[in-house]
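Below are structures written as structure tokens.
Both complexes below contain chain A, partnered by chain B and then by chain C.
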Partner chain A sequence: MEKPKRTYRFKRIDTHNRTSIGIIVLVIILLLVPAVMHSPYYIHLLIMVGINAALAMTFIFLLRVGLINLSIASFWGIGAYASAMLTMRLNLSFWLALPAATIISGVVALIVGLLLCRNSGFGFIIPTLAFASVVVLILGTFDVFGGYVGIVNIPHPEPIAIPFLPVIEFTSKTPYYYLMLFLVAVVITAFYAFYSASTGRAWRAIGLSSSLAESLGVNLFKYRLTAFIISSSACGLMGSFYAHYYSALVPLTFAPFPKTIYCHIFAILGGIGFPFAGPAIGAFILTIAPELLRATGAIEPILTGLLVILLVLFAPTGILGLATSGWSSMHPSESIDRIGKWIKASLPTSRTDRENRK
Partner chain B sequence: MSTILETRKLSKYFGGLAAVNQVDLDIADLEILGLIGPNGAGKTTLFNLISGFFPSTSGKVTFCGRDITNLKAHNTAQLGISRTFQASTLFMKLSVIDNVFTGCHLGYRTSMWKRLLRMPSALEEENMLKHKAIELLDFMGLASLRGEIAGNLTHGQQRVLGVCVALATNPKLLLLDEPVTGMNPSETLTMVSLIRQIRDDMGVTIMLVEHDMKVVMNLCERIVVLSYGHKIAEGLPAEIKENKEVIEAYLGKEEAE
Partner chain C sequence: MTASVAMQLIVDGLAMGLVYVLLASGFNLIMTVPKVLFIAYGEFYMLGAYVLWGLVLLGNIPFLPALCLATIATAILGGIVYRLIFQRIQYMEQQFLTNIIAALALSMIIAQGALLVFGTESRGMPSIFPGIVNIGAITIAAEKIVLVVLTLAVLMGLNIFLQKTNYGRAMRAVSFNADVAALQGVSANMTCLVTMAVGCGLAGFAGGLMAPVFALSPKMGSITIFVLFVVMLGGIGSMVGAILAGLILGMTLSFGQFFFGSGLSQIVFFVVIFIILYFRPGGLLGKAEADIPI
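Moving on, here comes the complex of A and B:
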């Protein structure tokens, strides 16, 4: 007689509660990090992870409406330079320059988007690349922006007094870390509002099948333009923060290669099906890993490149995609088998092979 | 009966090729009109012109007394023209109910910002539309498959879902591009009766392209025949069956002996 299959039952908390608990725990851990970790170097890395993660989130945000944006770094740079200019030339406070830089990035995105968002596919990708190159050229050529040497001595944010808290002075890395957390939270909240409910449905529809979405009355241009403006504003927000954190800007930081491409890779590595956790995990790994691989010197980009190739071949849904579905469906031997097949297919056929075929 | 849609001298050229050439077409309110013709006759192009997917080269389209020539697809959808596609075009990764729900996009009366901020009026509307989507699925006989991922449905079910999604926009005119192609006989029968029900119960005018002559002759009240972009015949099914030009278009001209 067939044995009944043994099933394990856990007391299940429903998914919604589990997610909320997970988020609360994560936030507490993130808030406690500076208390445990005293090395300014690691705090610096985490701040860069935050910036990179937010930029990668903007990539997924636009991808949802079927657009691939190669000007992420440019809008990041526009925000950074706008903020630097406003504080240094107009003596504006950082706390005013931050929203102002966000709005400036948004307005530039509106103007660029009016021209570009009617297209999709390569009609959008290539012009954004062209735009990205123009931004670097403009920043590098005009003396107002400090040329290719860049700008230095960008002022740190003014001390800020939040009720019930001591005055926060930006003298160490820790306040920057908390500011970064706050700004990333702002970006996530804004994006989440757009993803969820009805607006999100229309956007997702465009990404999945633009012609069907159009036939259902979704105004592709309007939605794509809105998405472009929102995502570019978020880039500008992070740019403004970066400028005052790093206190020096060089135009080439904001070139599409490698920065924008890395932003795409962060998202793909983490999993593009996960609009927030994916970029965060991808950015975490790829911001920390090069530092750990620094001993390998010049071949670090090669190792990163190899990682990306392996990823696309064996985990196209990213780390999170693999973690949520792939583990169970793919046995380790199967993935090794796949690597073997792939290598075999890419090698030139040997003589015996050719002879056998005859 | 009043006309709901009319095209006058509607033409579309792709380079030198006239895909649709000077077509005059009238669709009466609440009729089921069949559009037939050999492959490449311009049937789907005509659909694309009416629904706004392609701009026309010349000519005029009027819908409910309003000039809709060269409006974009999302505008014609707002005015009440909905269409299905030849290939099963669905949001394959989404569930059946989400597919229909997405089709309800136009049903929103609250602004995008109200919905973003989750105002009570927006949430209420959301609920109402969800009910509407479920009702629609019930009507189309897909209620039991509500939670299934669209990509996992059978071909026949996907076609029905496609019509269901198109209906979610509350159209006055529904353009069906080969609704029963690739279906087995029993699925075809279901679809035919559904199309009749959509017209009778929901008051939607229907225009369909179909190659299955049995279905066309059985279902359509009037038929328009296209060949090489020209309208070559128009009339009742019985008349079309006897029409010499139509037979020639399908079978070729008989050589003079």
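Moving on, here comes the complex of A and C:
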């Protein structure tokens, strides 16, 4: 009688350990990257990977509620312009402008979402596209926002003193890298918290079948609006960081084609079943690959396009989906668990581990 | 604003709008029969324009045969692309999103290829039908009349093709339900391939038609976004809706450009779309779909 109980307990602890080991190893590797890699160019690429990954995560976030959002890049832009305006016109500190920009994009999402979230399907996709085009046109047409030339000389973040650490000054790329890691971690933590809460369960129900969820008493409009606001705020957060990191903004960066579609590509190529790992892997490959192919000169977009088509044809469930050969995982903890499994498998195995595997 | 200026603007809007109608009906076909949101559509429009430009200026072929050749060339390319890429995706899970991604990658390839072959500078082309037609106090450029007449003729032809021929019937059957159509002996793959060829051929035709009017540049492919709006505004799969929406777009752009300038007129158009789609999520004459096939 005791035996099955013990194996069950043992397995549970083991799963838990695998997940945490996976996360800890990943975080340590990411934290150590600037110590190993000294070229500011590669650090820049990694920062862009982080931004792209976070944006792609917001895409999956909404996709699970059954909505395809084509205004990711515009909320990113709203956050960026809001932050730039607040620091340059009102002389706010970056550390105040960052949350302020997040809230501003959330408020814009609330206003737009009140109109949009009543519809789903193409009734949602196309109005978001119209909204995205309007945002670019407004940013470009009105002189307050600097027109199509854009804004330059956006101030860098002020030096910040964190207890037990030397004062961090944003002079090289490395502090930005750590700030990016922190912000992406904030986004992931927030999304994960929502997925695990009752809100997340309602979202999953809507994503599986909206009519079934509605029949069970889930208010579609309310939950879709919440998801839209949260994902857009996350876009605004990354936008504010991007504005102060890049220190120049041009409206066309925030056009739905190609930026938003690229975010979709990152997420889909990584694997839609993996809300955090999928976008990260997709963004990593598709941000690094064009840079590696840059040596080929002008035919670089052609090669990238071919790469995307081949990936789509031969890895239809995404790279992670192909690697784990399954489309079953719809809960985020499982995908993290899988990464933990791989990392654990690649680590030198201890004796107990080998025994467990038997 | 005098009557003649108003008339001029209406004719401009009509010509512009009809080209959008042409593009939108091709896009509609691709969207309803193989169910691909074909973002690379604008690139076929661009290719059609460049093929015509090459045939007329470099090959010294007269305009109308060159237009036919441009249409056929883009149609064949569309068929090849369907066979190579999209036919494989039809049988995958989450084919809707995968199709979009493949189409976007395709448009990247074609746009960059055109940039390499034709260069970044925009190219002009002499007007094929110079001259002016006077109707009372109104003067209209002859090429606009030719454009309107040709577009209307092709739209009529397309309608007859869809309603009266076997291929047209097969297309409508597949768009209704591919499985049921297969039970009746209609090959879904072949029908989708023909649809793709016809749709891309329409894009190439529109491109060739616009080549003498507008300057050519590899960036012409960005017209897709407007085509998408026209299709959605009219309602997916609705020909009459596409005509209505295309004319709304043409008139808004031509009158808006006169009154507010280019930037504001586009903002007005997008706001109009926003409002219409809020009240009618399926477009003017379409049905709203509750869930998209993710």
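By definition in this document, the second predicted complex is superposed on the first by the 311 of 358 C-alpha atoms of A that agree within 3 Å, B and C clash if a C-alpha of one lies under 4 Å from a C-alpha of the other, contacts with A are read in each partner's own complex, and residues count from 1 in each chain.
What we mean here is this: contacts are C-beta pairs under 8 Å (C-beta built on N, C-alpha and C of every residue); 3 or more make two chains touch, one makes a residue touch a chain.
For clarity, every value in this text was computed on a predicted model and none was experimentally measured.
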Which of chain B and chain C A:G217 touches, first, second, both or neither: first
Touching partner for A:T317 - first (chain B), second (chain C), both, neither: second
Contacts of A:A234 with chain B and chain C, given as first, second, both or neither: neither
Contacts of A:A193 with chain B and chain C, given as first, second, both or neither: first
Partner touching more residues of chain A, whether chain B or chain C: C
First (chain B), second (chain C), both or neither touched by A:I78: neither
Touched partner set for A:A205, first chain B, second chain C, both or neither: first
Which of chain B and chain C A:L46 touches, first, second, both or neither: neither
Partner chain in contact with A:L62 - chain B first, chain C second, else both or neither: neither
Overlap of chain C and chain B interfaces on chain A (superposed complexes): 209, 211
Complex interface listing, chain A residues touching chain B: 193-194, 197-199, 201-202, 204-205, 208-209, 211-220
Complex interface listing, chain A residues touching chain C: 63, 66, 68, 115-116, 118-127, 129-131, 133-134, 137-138, 140-141, 209-211, 256-258, 261, 264-265, 268-269, 272, 298-299, 301-302, 304-306, 308-309, 312-313, 316-317, 327
Chain C residues within the chain A interface of the complex: 39, 85, 88-89, 92-94, 97-98, 100-102, 104-106, 108-109, 111-113, 115-116, 222, 224-225, 228-229, 232, 236, 263-264, 266-267, 270-271, 273-274, 277-278, 281-283, 288-292, 294
Interfacial residue positions of chain B with respect to chain A in the complex: 51, 53, 72-74, 77-78, 82-83, 85, 89-94, 98, 101-103, 105-106, 108, 112, 115-118, 122, 126, 165-166, 168-169
